[in-house]
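Labels for the chains are A, B, C and D, by order of writing; each one numbers its residues from 1.
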Amino acid sequence: MSNRARVLIDCEDAKGLVYHISKVFYDRDLNIDNNREFVDQEKSRFFMRTVVTGDFDAQSLRSELVSVVPEDANVQVIEPQPKKIVLMATKESHCLGDILIRWVAGEFEADIEAVISNRDNLRDLTHRFDIPFVYISSDDKEREAHEKEVLEVLNGLEFDYIVLAKYMRILSADFVHHYPEQIINIHHSFLPAFIGANPYKQAHSRGVKIIGATAHFVTTDLDEGPIISQDVIPVNHRLEWKDMQRAGRDVEKIVLSRALSLVLNDRIFVNGNKTIVF
Amino acid sequence: MSNRARVLIDCEDAKGLVYHISKVFYDRDLNIDNNREFVDQEKSRFFMRTVVTGDFDAQSLRSELVSVVPEDANVQVIEPQPKKIVLMATKESHCLGDILIRWVAGEFEADIEAVISNRDNLRDLTHRFDIPFVYISSDDKEREAHEKEVLEVLNGLEFDYIVLAKYMRILSADFVHHYPEQIINIHHSFLPAFIGANPYKQAHSRGVKIIGATAHFVTTDLDEGPIISQDVIPVNHRLEWKDMQRAGRDVEKIVLSRALSLVLNDRIFVNGNKTIVF
Amino acid sequence: MSNRARVLIDCEDAKGLVYHISKVFYDRDLNIDNNREFVDQEKSRFFMRTVVTGDFDAQSLRSELVSVVPEDANVQVIEPQPKKIVLMATKESHCLGDILIRWVAGEFEADIEAVISNRDNLRDLTHRFDIPFVYISSDDKEREAHEKEVLEVLNGLEFDYIVLAKYMRILSADFVHHYPEQIINIHHSFLPAFIGANPYKQAHSRGVKIIGATAHFVTTDLDEGPIISQDVIPVNHRLEWKDMQRAGRDVEKIVLSRALSLVLNDRIFVNGNKTIVF
Amino acid sequence: MSNRARVLIDCEDAKGLVYHISKVFYDRDLNIDNNREFVDQEKSRFFMRTVVTGDFDAQSLRSELVSVVPEDANVQVIEPQPKKIVLMATKESHCLGDILIRWVAGEFEADIEAVISNRDNLRDLTHRFDIPFVYISSDDKEREAHEKEVLEVLNGLEFDYIVLAKYMRILSADFVHHYPEQIINIHHSFLPAFIGANPYKQAHSRGVKIIGATAHFVTTDLDEGPIISQDVIPVNHRLEWKDMQRAGRDVEKIVLSRALSLVLNDRIFVNGNKTIVF
């Protein structure tokens, strides 16, 4: 009987880590299908992601690994299983649509629990994919009141990640604290350029020759969370800001879907305000 | 007898501009080798760059064109002739070197009048190309005093453009006012991200996945002048900021040389704080 | 009353074309919103695409333009109206899905008349978008017999373009002759590299560091028709050919959708075996 | 006393390789600064590149490593030392110039022993960098005779790699056999597209929207050797083939210099007809 798991370890760096960890795999006669390591010299921190196959029990493998690495280590032995995600959106459909159409094609190892929106216009799109759509209007509501309603819905759901697929409301620190390293956002600029509102208008007004998009984990600092993925496209003087917005949609959706895929495949370590991408 | 000239016109937009201008060319039996137009709808401003060949006198062609376009028009009829440039640098050689090596290969339609530097270490490189090197130390000098010496040297030279090839001193507004739309700078970030000092350190600390470089005209607002050219390269968590700096050099030199080439070929219009690139 | 139309002209090059054409617009008091010209010097052929607005009748504007350009000219005055398209696919869903999801979001100025497939497995996806799905099995059929059935279905439909969204059967010359410059295909390589079957396997076996995709008009020469759009992504030694195939999907769908958008916006001229893209 | 070395190992894959190798490092108390591994599953072959620092003797470290890996293993322990290279060119200067200007700036850990050319026109450029220029005319000579003269010169030199910086003569199998995995070439197309002569003409005539360049090791199969590095740039219908050639120069020089840098840093494994790039 053969198992398969992703082993993720991050800990303070120490001599012999690779040796000690690979010894555990060797002694248990496990196959290493894929192995990536990185040491952040500045912070003296070690990161490792290994895919192992063989005859093992995840919990006991984890225990043994814990026993050979420093005390502060995070050790995960993750067996393949679809993660659960909730999508949040407002009115633009391109990111939501791209996720749904990839999902229905089996590109994401995930279950989509619900789409939550503060507008009602993506209901039809969501229902085309037989996914529950929850409309929680933000009209005439204080942020706190609106978020309370959203949290109530979220509390009724089981999920690993929230994906903000062009959700255009700023989340409060309170809200974000509920889901540390669990909220993925797409920002429609090449961060840190054009932080804040209307980045395409800002880009147009600045006369840049390239625009981009950034997927990042949401922290309490707006647009300042760890960057997972970025990409860009060239633009020129012929594009009005509305054209830039249109052109930017392709980048946004590709970048967000790529980030989601990395997260679902356990390829991301958060390292302070940065990410390690294996 | 056949002439060749680049005709550049920018003026407020008006009905029939293309008709009136092309009529001038048609009546004079000129060939149009290349024609680009653009209307900035927001500012209602018209831009046109045409390469004409045929039997004409530049001055009289210009006069006739002036007579058919609005009064505020800038009309240039530019006959092929190498432009004169002065290079300024500090200690990094990659941008200066790239310009010199392209220039010696005939890639630039330009004469290089001199290299001016506030350090002495690029003298040998410059002399390899038989170009005068002027060392004006900035040690222990106020900016004003140093710039005064530079201006004295510049006043003794004839030139169309100053190219800041990694010149690491900030120019005063006074200095810049002498050379409007004549100073080209390379900034080692994808502006407007990482304005100011040590952009690679900033980029590393922010954990971006892409870095870039920006060539722009220098105005009195630091790093805010009209952007001519930008490009980017992907980076990842493995790169220390010094590695980013190293990787960034290739982008910097390519972007600056591309911008210089566009300027020397009269392909750039400055349009407020932006550029039109034909 | 104000009309809007795209004027497309291609003809042998001649002196004064821009003058004569712009005179027609000027005399009729039309606004030029956007104007692009190109002369293929090798073939001495002129191409122009202009968007005009104003008070005009399309047919009489066309007649007048015809009267001022060479006899061989193709002159089109195209008023805005959704074009009709038919999609053909086999079993991979990513290109079809991307077109459907963009279409439902209003990104394409088009009506989708039907999806035709030689497999049955994309039926559910197609129906999610309320579009007719026509399954014409190719099992145990000669190409001729299968195409005959497809042609019967196509004859019952009205359409401007056929989009091969990963339709994996080679079309006969006979079939192609029915729809000159009307069939758009996506080839899963950076043509002309890896012509023919299994380009990802070929790319993997050749050890390339970049893979790509190519959208082109279908002609009777397999994979040799005029290229509309291409793009690429970096790959490395870690990718098995199946991984390359997976990674390539994003490029394929983006490139095909971009090409379709260009075609629907009348931005493509076919010029022999090449395209002009305005 | 602290040494530093790059350890490169490739061998048939086997269980416990990482464990056995890291045990050697651990037992000797060496630091691992950087570690990359890859297993080619298809060929069941293991590749590893590790940078180690500490107190060790290269030869005895190598012996110990050899004793823990399969018999067929190639084990290299490479201490930092500039490699020696010979450049060969014909008449185009951009690749040669880029290498020289980077070299003089200290970008390459290498000594340039000589530039050999079958034309005389790059002599001046080479001499600007105080490097011997050897002109071996190929006029009126059979390939064999010409190569014989080149080989005589090469035999008098000590070098690790030959870099063909736009050397436009095809090398015979005989010549190539002398320098297995030692000759690096830049091909001016995105291989395998446009194999053979005049790739830019071919690209122009095919109407591609992207052009590229490929650096590869030279084998006896023309343009078929292991690819080290590739890159591309977008082009459009406005470019004549001469313009494509001009635009392509930037890609060529960047790609060749990048490949050379990878080789000099011992980051390349040749794996059959492919490369592993660490």
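Everything below uses one rule, namely that a contact is a pair of C-beta atoms (placed from the backbone, for glycine too) under 8 Å apart; a residue touches a chain by one contact, two chains touch by 3 or more.
Because the structure is predicted, anything quoted here is derived from the model rather than measured.
Under the contact definition, subunit B and subunit D share the contacting chains A, C. Over half of the residue-numbered contact pairs of C-D are shared by just one pair in B-D, A-D or A-B, which is A-B.
When the C-beta contacts at A-B and at A-C are tallied, the pair with the greater total is A-B. The mean-CA centres of subunit A and subunit C are about 35 angstrom from one another, to the nearest whole unit. Centroid to centroid, with C-alpha atoms defining each point, subunit A and subunit B lie 40 Å apart. Multi-chain contact residues of subunit D (touching two or more other chains): none found. Note for the complex: subunit B touches subunit D at residues 93-94, 97-98, 100-102, 104-105, 107, 125, 128-129, 250, 254. Interface of subunit D with subunit A (complex): residues 15-16, 18-19, 22-23, 25-26, 29, 31-33, 35, 37, 39, 234.
Touching subunit D in their complex are the following residues of subunit C: 38, 40-42, 190-194, 205-210, 212, 226-232, 236-238, 240, 271, 273-277.
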